[in-house]
């Protein structure tokens, strides 16, 4: 009862904080039919700056971090990414009215990470003065890449199995295949290549590499860090508007997606929280880090994930997976941030 | 004589100040035929940030303001917006060579407000250390919306009256109409809806709402406020170039527009100044606030107004109303800022 | 031996500094086939801000500078610009497989100046705490304009000479010509007009004029100066990616271009360094100023030069001149910055 009250209090007070308020503001604008819009090239640039900021910041911390200390949460993040997709495979992908490939694409996006949501979580923790490991941004690719690869791999394997059963199928657009294990390896390679070449992951890894191998500390402190929260506020507006306008796309798809979009971020977040809590007991992973791991798990990829899916699974229906992740997954994940903070406060403490 | 000297001195010293100097610099660039250009998406984004800044700043002040104190200048602003359009209806719209609908569209834009001009005024006052009510930005929609609605309404009514006289007219593109008063109400509703959904008004109202209901003070102080003057300097360049290139459009239209474009900003500004002066005596409205009310009245809508007019009055000639407001109205209004400052200094004092 | 060691040490330590690290990071991204991209409008705007920053900063310094002190390096800069083109005319333009007009266009770009490279040089010196004359930015147009005008003039004269020899040639797209000296004068005028109207030169001159005649010091200090290094880091990323992707264009052209692209920046930089050293002994021109003059000479125009060349010399092959200057000239010039710093340290001292 005490915990419920604590969560409710945190949520109400957070709704007034800039990060969540801008998200809700964007939703209200879209609901009002406003013609307000942030131009696409500017939006893309803001995302790039946020990813570079998160990457460089993490890189600077990794440079000084104990690698063993980093390994436990990194493996945890990869585990969470895979687990989310497996959960999606046995729930969403088997529901009535859900095509298997659509369900896997959606589960993949929900396992992947949204840089903006992670950035929103960092901003909220910063506002509250809650500290976290500087290397958190370095966990992003572990969760993101393992989720995308697992989802695409499972979808392709299922497709292949069906193709064997019904050999004269519509096969256009899929990667040419040999037989058995050799095929899998080249498929994994292709997926990994596409994922690491995607704008988001490569911007993040570039930032990480610059943070680790160069000395960008001064430009980080004078440019990337100070602009961070302001640019994030603009991004939250755009994400709120985008979420609202994507909601309508869900009308055409099965109700299962709506259920998944509303529940999955919370369930995934709790899974991430549990893994963070385990890392806390094992290696002293911080309360703030645990909250951010939960937020990463709760978030669904809104920028780099969809084009990766479109490229890898051309038969999947974007209205289903983009509508569910951008229309429901992202706002639900951001609005759940106070929940994870309250849990951390309760289970770990300041 | 003393006043004239004071005005001249203020104007000369202001021409060197960044805000006006960048405007003139832009005009010189355009006059030289420079291919310099600020890309459209960036320009739009700068306007968005300025509107959010003005809105959030006003919202934060409104939160703490005495609503009664706000109401007098707000009603004054609405009155000025309506009065400017009525003055235009009996002067410009009746002049030789001016189609009634073109004259009303132009008067509507001159009654509406330019966020950039208002921002320029704020920057100039800040530079001079002249204080003003924080809620000034909240007056913007009162003047803007009442001017646009009045102008469109009068133009539509006149059109309807002519349509009754000559029933077999070219009616394509106008809103379907019933008869009498019911028509007016739905027309007003449509105009209000279009106006509140326009990018500028909705960005401003969003900022206001965020300032009032959320607590964006920290992101305002760390991002919107510090970037304000720099982005404004870029905007002044663009507006100077745009003004110069629009001037040529005026060649094709009646001379009445040139006369109106040169005189109206000053006359409207004096009207706004008089209303501000009245508010000063009634409720202690500040000297800086009076100057900004004059600047709002002098300014003409350069971003959100034109598309609203194009949508609502498709028969009006954009060369006439955009050429007059962007080519003459905006630069004359900005260059009149020192005049209003000198008047405030004379009639109200520091 | 001592000097070689000094150069090597400076180069290695500089590679970790943000400016060069971001350039190399961009090259690595492109080499990895990353889909990361900074949107074109944002890229253009960043260049505009850098040019305004360099211009305004130079203008503020020129305002307080002794004009005689400025004249010696300015004439030196113009001399270097012309000399680079003349060297190109007797080397590259006469090599096997190099069309004369292509060689002249390439030499013109290598004589012209890259604002981004100059900005990178300034950032590196700032990081090292090495001071330089504030008016350095004002030298840019002297070198840039004289190089472009010389190159285009020589190419046009050679073309005209060939046209006299073979009167029935393919002449489409060139400027209509009368005969003899009158033609030259109008040609020079056209080139000068095109150059001064180009976005880069006009942005720089606008900044200069604002710095000299207005008082933009506050907006310079609060906006242009603080954003400078961060925006430059983004620009270095873009330039690194662009350089890598342009390299492939060089496959189709003569090997002479590759040789020229690798050697010319260093040779030109040494020429600029020598002129700066002479100015140091004549008028006390600083060590930092000498380094920046060398960097300007080493740099090749990557933004404003190519469109100027395309307009003036439509028969020249862009793959040759853009490929050589952007693919090799720019990265080699930026990576040579430590060389010029080591030389200045050796020959002039702190």
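The first chain written gets the first letter, and so on, giving A, B and C; residue counts start at 1 in each chain.
Throughout what follows, contacts are C-beta pairs under 8 Å (C-beta built on N, C-alpha and C of every residue); 3 or more make two chains touch, one makes a residue touch a chain.
Fair warning: this is a prediction, and the values are worked out from it, not measured in the lab.
Considering every other chain in turn, the ones in contact with both chain A and chain B prove to be C.
Chain C is reached from chain A by a rotation of 120°, derived from superposing Cα atoms (nearest 5). Two copies of one sequence, chain B and chain C, touch each other mainly through non-matching residues, since under half of the numbers at the interface are common to both.
Taking each chain's centre as the average of its CA atoms, chain B and chain C sit 43 Å apart.
Residue positions 39-42, 227 of chain A each touch two or more of the other chains.
Looking at the complex, you find that chain B touches chain C at residues 15-18, 21-22, 25, 28-29, 32-42, 127, 226-227, 229-231, 233-234, 237. The residues of chain A lying in touch with chain C in their complex are 39-42, 44-45, 48-49, 193, 196-199, 202-203, 206, 209-210, 213-216, 218-219, 222-224, 227.
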